Amino acid sequence: MPRTKGRPGRFAALGALGAAVSLVSGCAGAGGVAAGGDGTTLVVAIVSNPQMEDAISLRSDFEEEYPGIDLRFVTLPENEARAKITTSIATGGGEFDAVMISNYETRMWAENGWLENLQPHIDATEGYDAGDFLQPIRESLSYRGDMYSVPFYGESSFLAYRKDLFDQAGLEMPADPTWAEVADLAAELHDPESGTAGICLRGLPGWGEVLAPFNSMLNTFGGRWYDQQWNAQLTSPEFRRTAEFYVNLVREHGQPGAANSGFGDCLTRYSQGNTAMFYDATAMVSTVEDPDSSKVAGKSGYAPAPVSETDYGGWLYTWSLAIPETSEHKDEAWRFLSWMTDKEYTEKVAEEYGWERVPPGNRISTFENPQYQDVASAYAEPMREGIADADPKDPGMRPVPYTGVQFLAIPEFQDLGTRVSQQLSAAVAGQISVDEALEQSQQYAQSVGDSYKETR
Amino acid sequence: MSATATAPAERPAAPARTPRARRRAHGWSLRAPLLPALIFTILVTQLPFLFTIFYSLRSWNLLRPDSGTFAGLDNYAYVLTDAQFLGAALNTVVITASCVLISMAVGIGLAMLLDRKFLGRGVVRTLLITPFLIIPVATALLWKTTMFDPVFGLLGFVLTPFGLGDVNWVSQYPVVSVVTALVWQWSPFMMLLVLAGLQSQSRDVVEAGQVDGANRWQMFTNVTLPHLRRYIELGVLLGSIYVVNTFDTIYMMTQGGPGTASSNLPFYIYQRTFLGFDIGQSAAMGVIVVIGTIVVATLALRLIFRTFMSDQEAKS
Amino acid sequence: MTATAPAPRTRPAAVPTPRPAPRRRRGSVGGTALTVLTWAIALVFVSPALWMVLTAFKTEGIAQTDPPTLLFQPTLDQFRNVVGADFMPYVGNSLIATLASTALVLVLGTPAAYALSIRPVKRTKDVLFFFISTKMLPLVAVVVPIYVAAAEVGMLDNIWTLVVLYTAMNLPIAVWMLRSFFLEVPAGVVEAAQMEGASLPRVLWSVMLPIMAPGVAATALICMIFSWNEFFFAVNLTASQAATVPVYLVGFITSEGLYWAQLAAAATLASLPIVVIGWMAQRQLVRGLSMGAVK
């Protein structure tokens, strides 16, 4: 096989194989039972978080506005969605017309030419006020000054706690808690007999799962993944101290079965009143404060992300929507993107489900809306400050060769993060010791670091 | 009764007696029907594998479009020194062997219970085959949640009197959990096979044994088990073929975790492919697994084929 | 190959004489006890399945209680939710994938099995060996080339891609099973038909098939079970248009906290077609599976 450059050439022979296969099947046309009617069918891949589920249930609003466009959603849990979306985009699979990604993927994929530049669409759409997006969020989704994905919601992290339980126990949450204080509080409040865990922390493998809270903790503990020469630092004293602290906290005073619980599971546990504290994404409020799905609505207080050595402990993340370069319906896809990230959508959700449930943290106008301020007084400020104070370029105490707060914005991190997160999760489950987990992780990290030493 | 058939009885239809020319034409007309299936199988299963070999020699990470250079045997070297790959290989063996053997033991037990007339026998058999028919994905999810959940699971409730109420099965004993769900799923399959074997057991043999005054256990070990041997071997063969490729149960139940504690080869390679996006390495793993499988299968299949095929066929 | 059979084995006559009726070996007290025991074991064994069905009729609140709730007011809400939530297209796709691939397996596999049963190829064993060995190939070793090829010709997320793959997946086992059924057909029948000048397809169709109908049904059933339940290709090669029933259940992976009852309802509905077919055809299932052992 000739070594041709570029994907189409490389796969040409495979194309012939595929053609043979489709000949055998005798029917290359019909895609399946669900093939659309006369209009355009947009296939949208998104993550099954509660805010996204709301968007799906409001789809009829979009379909009324654009009768020719039919929406089909593929909703998957975070890890599964990432695997599917990344595979499709990287191979040019072309199954999707719109995908949900984040500030981790956007720049790298834009650089690879995998995403449609949305700036021309944004500029041509009247009333779509991109200047209204929070500045750190907008910047994290831009490549060379153009936005390549638009934020559905933005988030930092903070600590939610049950005011009623704190009152009962006669405890008080400090205004700017440290992790040591949080651990003490968790120990006080941990009461497995009555089904209440001290704190809920993610333990599920996946770089977007356990590593998100872990890395934000790592930054404030003074740890880092690599020094500036790409030497892996996973067995350094700071990293080890963070890992031990995290694993011990969740094992001793965390939720049962922590190694299998991610954001969704923790969200459920906290909303059902099964944990006293919950350190996680600020986007939790849409569920926690919604009386329909939460038993603890209105009972929560919110503190900034706990810190240790530094004075900021949060992260910066956004679930955003992008259009793959391979989509054949880019204009229609943009209509959907703009519908789902517009100011009007926020109002639509507020009207339909209440202001508690609006996708938060993406638009300034939402924060400034008096009605939102009314319901969100407890958490709007810590959320906004958390987002504003995150610094992806300089996440921790010491200089690093990568950017990103709770992730490393290098392509290998998807894999490396997954592997390291598996080790951490195994330590959370008690299958291996923290030291074993870190030894193994250090090897993975070093082999990635070596490839950067050689090439750059 | 002797198994070494020294003078194999010729099948009347065998083309051995026809004249040579006619036989050749006849042979082709008989061979033709085989071709579509053979070509189809080669096209769909073997051709892609050639590409897998090709990929395995390249350094190709999906997320780095600039990758895709010839890498020689680097990928193989990396994979063979990857402790987790070897761990996954070990898990594959452990899961497959324990699942097949335990299922077979349970299957034999259930089949023995069913091999007599009793009230509601049809209903019981219908009930017992059900686990084999339920979608494995659903089976895995149900075991993970409604059975194994540390707080609300049925198993915890049932085992509370034995002091095992708070065990977090899926986290603490991931391989045991996976094997349990698999055994539940495959035991009915084994039971059906063994039942067929039991029912083909000729009555004379059984009665002869009884006349000889053999007790039940002697009957079982000396008469029934030897008779069942081929059915058991078939069950082990078919079971191994399917269980060694188990992916859905692990995907739904443990995601190979905690860590990689319950990853088997299919799941580990899947992760390297669709979460790691290292096509070169995962292709190399695929090739290694295929080679390993061929070695094992050649030994196992030859052995079993010798048992299954009538001796004259084995000789041809 | 020298056949040094390790142990003397009782090879049943070509047509084994089934025992007409298993005998009662014990007195009625022992028999009753054994019956009760059998029933008890059977009920315990299937209890996870029974629990699933029971849970499907619960509300979410009752589905997760400690201790588990046995008596409650049943509701059909969960089934309504599942059917209302886009479940039906998945069923449609599964039906196409299952029925079309099974039909294709029979169309391709029957002639092949026939050819192998009368041994036209010198190395029958090798061909059979080849077929069976393809079953041992880890699917994961070929999924990337297949994915890339399908992407190249726009066949991703296309149900016919699954049909082709399921056909290839089930063909080996089908050829093996069908071959053993062909071996059951008395050779004289075929000879006679060929003497009268009937063509091969005709012989297959009007002479062999009627004799083999139960065997073909058993083979089809096995193929249907494995196609309906297949997950690996389905989850990796489909997205929305062609997603099958097992893929639908992936959405429940991390929702463990909240949706047990709905999960149980979805699982029940998803399994129902194959369970019912399997129940109805259990005799063929036994026969079909054991054929490989007898012949």
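All chains are identified by letter, namely A, B and C, in their written order; residue positions are counted from 1 within each chain.
One rule holds for everything that comes next: a residue touches a chain if its C-beta (ideal position, glycine included) is under 8 Å from a C-beta of that chain, and two chains touch if they have at least 3 such contacts.
Which protein is which chain? UniProt says B = Sugar ABC transporter permease; C = Mannitol ABC transporter permease.
As the structure is a prediction and not an experimental result, all values here were calculated from the model.
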Contact graph of the chains (line, ring, star, complete, other): complete
Comparison of B-C and A-B by number of C-beta pairs in contact, larger one: B-C
Distance between chain centroids, defined by C-alpha means - chain A, chain B (Å): 39
Where chain B and chain C are represented by their mean Cα positions, the distance between them in whole Å: 14
Multi-chain contact residues (two or more partners), chain B: 40, 44, 47-48, 51, 149, 151, 274
Shared-contact residues (touching 2 or more other chains) in chain C: 145, 148-149, 164, 236, 250, 253, 256
Set of chain A residues in contact with two or more other chains: 14, 17, 21, 24, 84, 87, 91, 260
Contact footprint of chain C on chain B as seen in their complex: 1-5, 11-15, 26-27, 29-34, 36-38, 40-41, 44-49, 51-52, 55, 110, 113-120, 124-139, 141-147, 149, 151-152, 154, 157, 184, 187, 189, 192-193, 195-197, 199-203, 205-206, 226-227, 229-231, 233-234, 238, 241, 244-245, 247-248, 251-252, 265-266, 269-270, 273-274, 279, 282-283, 285-287, 289-290, 293-294, 297, 301, 305-306, 308-311, 313-316
Chain C residues within the chain B interface of the complex: 1, 3-5, 7-13, 16-25, 31, 34-35, 37-39, 41-43, 45-49, 51-52, 55, 63-68, 108-109, 111-112, 114-116, 118-125, 127-146, 148-149, 164-165, 167-168, 171-173, 175, 187-188, 190-191, 200, 225, 228-229, 231-232, 235-236, 245-246, 249-250, 252-253, 256, 260, 263-264, 266-267, 270-271, 274-275, 278-279, 282, 285-287, 289-290, 292-295
Touching residues on chain C, where the partner in the complex is chain A: 89, 92-93, 96, 145, 147-161, 163-164, 236, 238-243, 250-251, 253-258
Residues of chain B defined as touching chain A within the complex: 40, 43-44, 47-48, 51, 54, 61-65, 68, 70, 83, 149-151, 166, 168, 170-172, 255-261, 271-272, 274-278
Residue ranges of chain A in contact with chain B within the complex: 1, 3, 7, 10, 14, 17, 20-21, 24, 79, 82-84, 86-87, 90-91, 108, 112, 195, 205, 256-257, 259-260, 411-412, 414-415, 418-419, 422-423, 425-432, 437, 440
